[in-house]
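Labels for the chains are A, B, C, D and E, by order of writing; each one numbers its residues from 1.
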């Protein structure tokens, strides 16, 4: 399962990531040599989303991957042999100041998530963490989550479509939160915060085969990853700086962005809440087996 | 020569529009920045190795995919076309497989191969293969009966017939097929990169979009357009050399 | 050829291929390559339901509208450009440039102008279908037979009559070729247009299945796309046989002698 | 009436300059049947296209009294619209001229009957033999009701038997309609057999070499006319002008077919 | 030697059944020059394709003593490969027969010289006139060194002057090479002028109507041979068999060109 088996030589490890700010720790960790010092030659491969990374990890092309938690729950409940190795990123847990937000136009009559009944909300992917979280916000605000309509729209297009009135609300992450703010948009909810305190948004994972075939490498990777997460969490300025190297976000925007939290360990109750919500929303065919998935 | 000048004039007018429309506020410069801005960003891009890696990746996928498709298409096309039984037996299958849109394979290949060059390559090969195959089949079917009789009367063997009769007859069709395939292949290479996330210009475009970097995105889009333009010019040139004897090439009839 | 032999040549290979697939994949444990049997079951469950109305029909309707618009624009512009040498020289590089831009990268741009409704999706389809039609029309118009053109001039067949009876008809074999290519591009773009800003549609559904790791359902979606492609190609062939009856007649009469 | 005066045509382009016609002057009277013969490449087609107004002369003038002009081209296969049926082909120029439907129908029927194709209305041109196709082209010209009819080697590509039939057809059509007919050919026999007058062109630079009145009787037929000694004489005389063969031999008036 | 015995060919397909040849039997001696004439559509091309082995007869037999057989088709434009230069076209059959390079070269040069195209080696066929193209096809046949040469109306589409030249070329080639030559044409004059024997076919259902020995002198030329009274007689005799014209007229032995 490891591409490089020469004794003594560093293990080359392919990790599938998405070029968003959530994965700043692994880039930072790489630049800080947290991986090389554990004899891991880290090779970061950018993909468009978890849906492309999961198969690559299962088939062994990548040894590890980064994906949002709901995708992992769905994959796992469909029988894919996945194993989370460590946390990815969490919401800040601060209502009104998260790295993602449910937002409306400046002059929108919508004041709270409850007002979204019958309205259209843009989500970057449907039947996933975003719509589940937004429904949670609506529910929490006392509205009817079933009456909210979702339309799939990639993040980059959301600010413009919100502005032109094609959608009533958007759920955006950084840097698009800044873009909506810049055009006068308002936050009406921090949905990730509404789901659960310290919601686990994403995590790093590997396959069961990898885990049983090369437990030592998994262990070393997990250690390095945890060190990276901790470092990024405590050095936000360096994290901001590294984001500029693998994305094309303008520096002035990077400076203003709200960063997520990067705890090293998975917040199991939050995942449980998420899994229950996903089951309720029909995303999962059957209840997820968290013991199999989580470390 | 004056043709080329006209063409350049056309490009110049187009460029001028690209500059003027955003400047005059007819299009929001936020979403469609003026051309000069895009070009200056393009100037920055070309100094970065990352840009060149992406370009080379795209070109590699494109060229390799095209090559595989052309070789497979031509070989299969001539083989199937030259044997009537084979042609009859495969006709329905080809008619069925051909219209399956290559993007239908995107979810499949991204599952099977992940965000790798292989994924995009499969798409490119699949899409361009049919263009070549169908053209070559048409071409072989178009063999002149008199020429065929001539070959048989002079006892040309099967191989000689393929070499001197079927192949030259099919060649103009094949060249057209290759030209069509080249542009389809480029489009799918970039689409694949954009949607699957395999390395290349397409992914860079996706990246620029995800970062909200609109001018960068346009700069890359222009690069893809230019590559397409160059590929087409190149294909036309090759056509002129290979098909010097063909009526369409040897005398251009003025309208 | 007897009827039996006809049927064998027509169905022989497809049957063999499907049977091979069926038996090779039987009992497959590979998560991503389920057995054909499971795919067929998923197909029945998935597509013989309201999905047909909710997802397939709107997709096909958008395709039809976009395709027809592309035909009209492509033929009209193509006739203008094809008939005018300067215009052709002027436009050719720009057209080639625009054509080389992959439609998916245009989607966000189009969305800015046209919103996220059906309009955008139709425009995306048009933006891809129009090129083969346009370029082939240009070539077809250029290829008008000189003797026929002289005949028209000497009999004073001018203006609209000339366009209708000479130019359009002589270009029609080429236009049909372009239209056929445009159709396959159209199906591709139908899917692509639904990958952005959609909440229903065939392409959307297939990607949902993919993201939801519902693999047999996803395969069945790919099959549906294939079937749509085949059905449309057949419809096209029927239409072509009518429109180009004269052309095929010439070809077959030449072949016989 | 048809008057060609000092006609000159130079093709210039693509780095090649061809003086197709040096200087041509001749007149064809109203209702006359004139043939133009000349060696291949001497500019017969060019002349005809200038007369038909399809090509601007380099200098000189063409005057045609009476409109319209109908043209029958050599390449029948390419001058009929393959996507129109026979009747529609014949009808199209009339339709373009906005003739009322009923009259159009009548003229088409008459013209097709005249060329013996009354029952081929609904065929496509490519379903017909070469000779039949050329007859459709002739029917189209007739139906157009021209006062001047131009024909450019209309029979060069049909077989010998059909050719003889078509020659007779053309003479009968001309006699019935009374049109001015200019018939271009490179076949000397044909020109003598058909016309009232033969205009003989030299090879390039092209000029009129001779203008011979054909004093054969008006009633002609393939057997007797061609057997007429006068026919042989006229043919030999033209032949002497065109060919570089020893002229005394040809002038013997031998009746063997020299033009073949 | 070439022997056709009880040959019958029925085309059957596409819901249409045509009996192209009913029953043909004839023999052509080794080194003989025989012409086959018959009306259009009587099955001459079919016969030739059967002899050349391009078409299986429905019944009957074709026996050809001596190999190889070379064929010259009517459609020279389509029987030459446009993507090969003149010399390559002539060389191709030799190459396919695996002849050594040097000998190939020599035979190609000789053949092209024989048809007067020694300096057209490097031209493409479409850069040549029709007559020159047909000469290339003849050169290809000659170079192939056949013992039997079959020609299917090879001059039907070339102009009259070229045709006369090509006819003489064929006769001289035949005299030099001593091949068995079967020449198919629908032109009676041509058959009489060229052959030692003329096999006259009826129209469908096709049979041999007559088998006429042409007792004209071996040395023939366009002027004197065609003027020979014997020539006119032979031609009239054939003509009487083919045409449905009142036969007494044709038998008068008039010398006008009936076949046109």
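As a working rule, a contact is a pair of C-beta atoms (placed from the backbone, for glycine too) under 8 Å apart; a residue touches a chain by one contact, two chains touch by 3 or more.
All of these numbers come straight from a predicted model, not from anything done at the bench.
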| item | value |
| --- | --- |
| Touching chain D and also chain E, the following chains | none |
| Furthest chain, CA centroid comparison against chain E | A |
| Best-connected chain pair, where connection means C-beta pairs in contact | B-C |
| Furthest chain, CA centroid comparison against chain D | A |
| Length of the line joining the C-alpha centres of chain A and chain D, rounded to whole Å | 84 |
| Interchain centroid distance [CA atoms averaged], chain A/chain B, Å | 37 |
| Centroid spacing, where centroids are CA-atom means, of chain A and chain C in whole angstrom | 38 |
| Chain C: positions in contact with at least two other chains | 32, 108, 112, 146, 210, 215 |
| Residue numbers of chain D (touch at least two other chains) | none |
| Residues of chain A engaged with two or more neighbouring chains | 49, 51, 55, 59, 154, 156, 160 |
| Interchain contacts (touch definition) - all pairs | A-B, A-C, B-C, B-E, C-D, D-E |
| Touch list for chain C against partner chain D, complex | 145-148, 150-151, 153-158, 161, 165-166, 169, 172, 246-247, 249-250, 253 |
| Complex contacts: residues of chain D adjacent to chain C | 49, 52-54, 68-71, 73, 75, 78-79, 81-84, 92-93, 95-97, 124, 126-127, 140, 144 |
| Residues of chain E defined as touching chain D within the complex | 39-40, 156-157, 159-161, 163-164, 186-187, 189, 222-223, 226-227, 231, 245, 249, 254-260 |
| In the complex, chain A residues that touch chain C | 49-51, 54-55, 58-59, 71, 74-75, 78-80, 122, 125-128, 149-154, 156-157, 160-161, 164, 166-167, 283 |
| Touch list for chain B against partner chain C, complex | 2-3, 6-11, 13-14, 28, 31-32, 88-93, 95-108, 110-112, 145, 180, 183, 186-188, 190-191, 194-195, 202, 205, 209, 217, 220-221, 224-229, 231-232, 253-255 |
